[in-house]
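Two complexes follow with chain A in common, the first pairing it with chain B and the second with chain C.
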Partner chain A sequence: MVLEATMICIDNSEWMRNGDYAPSRFQAQADAVNLICGAKTQSNPENTVGVLTMAGKGVRVLVTPTSDLGKILACMHGLEIGGEMNLAAGIQVAQLALKHRQNKKQQQRIIVFAGSPVTHEKKALEMIGKKLKKNSVALDIVNFGDDDEGKTEKLEALLAAVNNNDTSHIVHVPAGPNALSDVLISTPIFTGDGEGGSGFAASAATAAAGGVSGFEFGVDPNLDPELALALRVSMEEERARQEAAAKKAAEEASKQEKSAEEQDATMTERGNEGASEADNKKNEISDDDDTSLQQALAMSMDEPASSQDLQDIEMSDAAAEDPELALALQLSVQDSTKDSSSQADMNKLLADQSFVSSILASLPGVDPNDPSVKEVLASMQNQSESQQKPDEDKVPKKEEEK
Partner chain B sequence: MACTHDHSCEDHDCSSNWSLYKHIDLSKVTALNEANPGSVKSVFKAWEERLNSSGEHLESNEGDPELLVYIPFTSDVKIKSISVVGGADGTSPSKLRVFINRDGIDFSDAQSMQPVQEWDLVENLQGVLEYQTRYSKFQSVANITLHFPESFGGDTTQIHYIGFKGEATQLKRDVVATIVYEITPNPSDHKTRAETGGLSHVE
Partner chain C sequence: MSAAESATAIQKNQVDLLDFIDWSGVECLNQSSTHSLSNALKQGYREDEGLNLESDADEQLLIYIPFTQVIKLHSIVVMGSEEEGPKTVKLFANREHMGFSNVNDFPPSDTAVLSPDNIKGKPVVLKYVKFQNVRSLTIFIEDNQSSSEITKVQKIALYGSTVETTDMKGLKKIEDH
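Right, the complex of A and B next:
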């Protein structure tokens, strides 16, 4: 939940009339902008977002950074399309607008939508990138539309010049059936480097996948934002605590392995522990994606059980299409009514690799063949092996009762 | 250990003079144009450690020797002098300009604003030089911004140690953040004791 001030640079040039992104490039862009504003303000209530247009008569700031979502949505109405996009001027004006933000503690970020050709030289863009990096401004680029005159190359060069420790990102969105906003949801632009915003992304992803109510924790953030925020903060603290506990357990395991060595070898012991700690930390950074993936899976399977009253109709519709899903839903619904551990059954379901990979395939932005995803599946299967024997007694009984 | 005053250091502990680093709010220290984010925190240490360059140091980005360091203190301090240890081979900073009690200065502000004081630095690899301040201007410093515009010809600027000599007061400079000014007075906001009841007296 980084405290951030964001300026969004919109492309409203003639190229945006094109219909290759349904319904038109401009509409797709507007939807994406609305989603991003929502995500930013939800992830931290003190975040501010501003909007400017890059084409038309010249660069024009529509809204200076504000946390009032209504103002931002209102200014997106009645925008005219025309002219050519001036990327360099747009970024520089955005930087100036951020410089005069009211809360100097906010991190500065610019999000650029580049849907038309870039006429500037690569050198000029690199200079702009360096200046942004020097003033510690992060830059996210959404590259859509046609790739002519080396546009992709120029934007990649710009990103390389700005990027400081992976705070800046670029996303290439090809034309196709997927809406621009859907593609963006799974990117780091939305998820905000994998922390607070991932809650928003995970709930949006499960809503897209299972047709279930997309509210995290079953609390509507619009009705009770403070409660939703408090719940999310406590979940993140819990996650951090669990990661620290896992790291300690791994350290202790490596310590026990080496406790048999002699006194002379204590120096090498310490060296090795330091190396294994570093390895753990490296794994953790890549595991952050996995843990959030696990959380998303857990939530998508828990929610049908917890909010069954509302979801009965939707569940039967979804169940009719997918018999595996029907089995899973029935098992999980029965679990919530009895005292037996739904956890054990869920683990068994998770252990069923084909089921999990079919669920994963339906989630946007997840590739089941990704090695890190396969690692997670393998580790989950190892976890549930120990629980499988008592479960096998319980599950056949339940199937008889149905 | 070398000192700038002409007596031996066995009489008193030099490091106690340079103890203002204890009053720096390290979590809020930031730097612009640093190559490794967060490395700026490593330059604030005890006087004895100032030559200890085994840990991290502050380095600017490749090809750009400009650096801007923002240092907030936990309470108001009076700064008597500043010491800077740079890097070898021309990577020491050659100039220093400071700004007091200003938030959110960036490079364009720093280059255009008049600093409270500026110094021409020399290469000070042993950490024996200190630069005195105009003490009257540095009486209640809540935060200080150091701007190093250039180096001695090196591609980058390296800083291994920044020290402050002075005293800390226990006061905290409080910035009034939100004030609502009245354009026209509203009588209901100004009930006197006579109107609300109770003994009234002539003032």
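Right, the complex of A and C next:
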């Protein structure tokens, strides 16, 4: 959302006829330019973008910085290819155009597409870079085409001279099956220095990233974009819901922490057997990693007691550090979901003694042979049974405990 | 003599204009990101000798300071080290958004060549008549004391008076009729 005025320097030299970037270098470049203009104007409505060509008869400004996307796209039509690119002059004219921008509050940025050999000396480029830095102009370089006459070196030197606090970037795009635009989408040139960029750029980025780097949800977004989108959206929704649930649980935990001590083991059991299998898996993964992965697993594991699970996931994170705190948290979770139907399920499971002791064994910091734990276990069993089946199971359970 | 004059002038009716600086519009070109303008301008920071404003790509600095009120500028204090402190300082009143390229297109409102005394804290009295109606001030530091690569400024203080307060007093007198 940075307020920015951008000048895009297009290379329309003879080298752009080459077909190593599909369909031709020039076309790939034009697509990339269109995308960048869109992203810039979307991320902040007051952003302006201008375009100039560096080759042909000479450096020519096609459109001065404007926020009118239509005007920018229109000027890209009917461009002719020819001549040699004059990088230094192009950058200097871009700097001049930015200097005369209407809104002086905008940050200045130049984006250069360098698709043909650079004939200038490294020193000259460094001088230009220094001048840009002095006037606080940021520079993004898109290096594509062949690397001859030390082009990459020269461009890197230029970037080093300009770069102030990582506001300037260089991207090297090798020829290949990937379109120039796709490669650019995931770079900071698009995403704007790690702010996250606009929704436009972000959604395009995930689509491209899914296609290029191996399929976030196991579905190729190129083959089935709707499914990929649906998966991503549901993931985000679930995440948001879990965060809300976690916040609620955290609030309750802070209220009830003190009174939880005696019934710790009880509550631990209740919490755990409700999400027992999921919990074990999570512990295997290790609580400190990747909360989102755990949440996804929880969801896939145990749908009915889902909200229960989510709260337990947050609990299991804490459990690694402080077992008592975890128990207290689970107590509060239990209290909050007392009315849920899953309570009945839990009680049934509780009735199974062997199941319960196996759970207890897997808990960190709880020793099933600890007498206090056994005591609590007994009282807990009595409680749960009285809720469900008043007298029948009480006696046999009591006998087992003894 | 002139030192005594300027000192008393400062004591009499000139105030430190720090309070009238419009911080949202303050800009500095070619400053180093770690050593920024606040180190030289802001209360507390500017007294600290360890905190300096430093230039980045070369030795020049261009500082733009807008004010919240119209002021009259009487004198300035520019402090720095003996080698890397500023030498030639050009001041432009009411010129917005200057760049290094057009800084030599206009004649400055005043130019100060800082002597070693000045760099230690002695105020430089300016051509008062040129600074009667100042909305913004641009300070162009052209070079430093020893022509080194980097210019370091420890403190910049502006002394003067506001215009509006004077006007208010004038209004009151009329109302007395």
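Please note the rule applied: the second predicted complex is superposed on the first by the 202 of 402 C-alpha atoms of A that agree within 3 Å, B and C clash if a C-alpha of one lies under 4 Å from a C-alpha of the other, contacts with A are read in each partner's own complex, and residues count from 1 in each chain.
Keep in mind that, in the parts below, contacts are C-beta pairs under 8 Å (C-beta built on N, C-alpha and C of every residue); 3 or more make two chains touch, one makes a residue touch a chain.
It should be emphasised that the depicted structure is a prediction, and the values quoted were computed from it without experimental measurement.
After alignment on the shared chain A, the placement of chain B and chain C results in a clash. In the superposition on chain A, contact of A:104 is made with both chain B and chain C. Applying the stated contact rule after C-alpha superposition, one finds that A:164 touches each of chain B and chain C.
Taken together, the two structures place residues 99, 104, 130, 133-136, 164-165 of chain A in contact with chain B in one case and with chain C in the other.
Listing the residues of chain A that touch chain B in their complex gives 99, 104, 130, 133-136, 164-165. The residues of chain A lying in touch with chain C in their complex are 99, 104, 130-131, 133-136, 164-165. Of all the residues in chain B, the ones that touch chain A in their complex are 32-33, 37, 61, 64, 66, 103-104, 106-108. The touching residues of chain C, counted against chain A in their complex, run 29-30, 33, 56-58, 60, 96-97, 99-101.
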